[in-house]
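Please find one structure pasted underneath; my questions will follow.
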Amino acid sequence: MDIFQVVDTLVCTLRVSGLDHCSLRVLRDAKGKLQVATDPVGVRPGNWVFTVNGSAGRYAMGDAKILTDLTIGGIIDDWDSDAAPV
Amino acid sequence: MDIFQVVDTLVCTLRVSGLDHCSLRVLRDAKGKLQVATDPVGVRPGNWVFTVNGSAGRYAMGDAKILTDLTIGGIIDDWDSDAAPV
Amino acid sequence: MDIFQVVDTLVCTLRVSGLDHCSLRVLRDAKGKLQVATDPVGVRPGNWVFTVNGSAGRYAMGDAKILTDLTIGGIIDDWDSDAAPV
Amino acid sequence: MDIFQVVDTLVCTLRVSGLDHCSLRVLRDAKGKLQVATDPVGVRPGNWVFTVNGSAGRYAMGDAKILTDLTIGGIIDDWDSDAAPV
Amino acid sequence: MDIFQVVDTLVCTLRVSGLDHCSLRVLRDAKGKLQVATDPVGVRPGNWVFTVNGSAGRYAMGDAKILTDLTIGGIIDDWDSDAAPV
């Protein structure tokens, strides 16, 4: 499971039907690489989160028909971003 | 899920039977790395998209017999490519 | 399977239900990259461990309903960290 | 799906039973990294191909008992290698 | 499938039950990165091997209950390590 900071919500009107009605978030890792994840938790920009990938990420949405490959698994209580390596 | 810009359509006459009749697109990420994805959405060169990998990518084609490992999940409405990190 | 050193326990109050009651550890690889893994073994900071990813990682928890993508598979008896390449 | 150039056939007498009788090819990506893939298509050194990974790669062999994680999905008709980024 | 050179056997007394009685090998790729793999073939330090990852790696052990994510698929007959790119 990877550690990311939430950047923003992804606005995406035209999407495949298996991702209808899902909240999509743009995340950034310690190196600056961006990823998109589904969000069953309800995060805000600036939160540090960890993510679950692959089939476990689908199950983590509570509905395996949601066609994600990356889901936010939780919000980290207290993360010292300065300690995160680059 | 990853973020890419659509480069072009991939022309590929000789392919395995599980990918017959699929539109294949060449995508480029923020670092310039190229990937190939199946396209159930109908994208155009220059569009910014996000992709779904693994088994979720097969289901996203609407037919799990399509043997892709990467499928375009949607077109991003408004993407500031200058903000994308290298 | 990858080799990591255990850094600390991840404190994460708000998480998806499939990860309730799991011990989560922050791990660091030879390049300094951090990952989060579930821990069925009982590790301590400083231990060198190897991890199992994907669906095998779920099964390694002894309960495939645990929605992890990375599980600690064992503690390495004697690891010469100086020999680990950067 | 990734883009590679075919380097050579891999000669490998001693292998697990799930890969008996498979043609194995050594592929090189734009950065020079080598990978091994099963070949249901019949490629020649120098061809540019795209590959399918994971379980889709097994199905692409036409026999899911073949224990590959990477299968050549097709030969690209016309690839400008100079355009491939490093 | 990836190409590695066998470094050594991994000594790991405390491990999850799904990996009991498995031979674990430390492998090094062309860039020096280390990985751990299960070994159904019987390799020796210095051998060049290719590996199978994911669920195919479990099946390659001949027993899908073995909770590996990387299995040695075969020993390469004749590998020119100088030709391996860094």
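Just so it is clear, A, B, C, D and E label the chains in written order, and each chain counts residues from 1 on its own.
Everything that follows uses one rule, which is that a contact is a pair of C-beta atoms (placed from the backbone, for glycine too) under 8 Å apart; a residue touches a chain by one contact, two chains touch by 3 or more.
Please read these numbers as outputs of a predicted model, since none were measured by experiment.
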Third chains touching both chain C and chain B: A
Turn needed to bring chain C onto chain D - CA fit, degrees, nearest 5: 145
Inter-centroid spacing, chain E versus chain C (mean Cα positions, whole Å): 19
Distance from the mean Cα position of chain E to that of chain A, given in whole angstrom: 32
Residue numbers of chain D (touch at least two other chains): 54-55
Chain contact graph, described as a line, ring, star, complete graph or other shape: ring
Successive chains around the closed ring, taking chain B as origin and chain D next: B, D, E, C, A
Contact set on chain A toward chain B in their complex: 10-19, 24, 26, 28, 32-37, 54-55, 58, 65, 67-70
Complex contact set, residues of chain D against chain B: 1-3, 30, 40-41, 50, 52-57, 59-60, 62, 71-78, 84-85
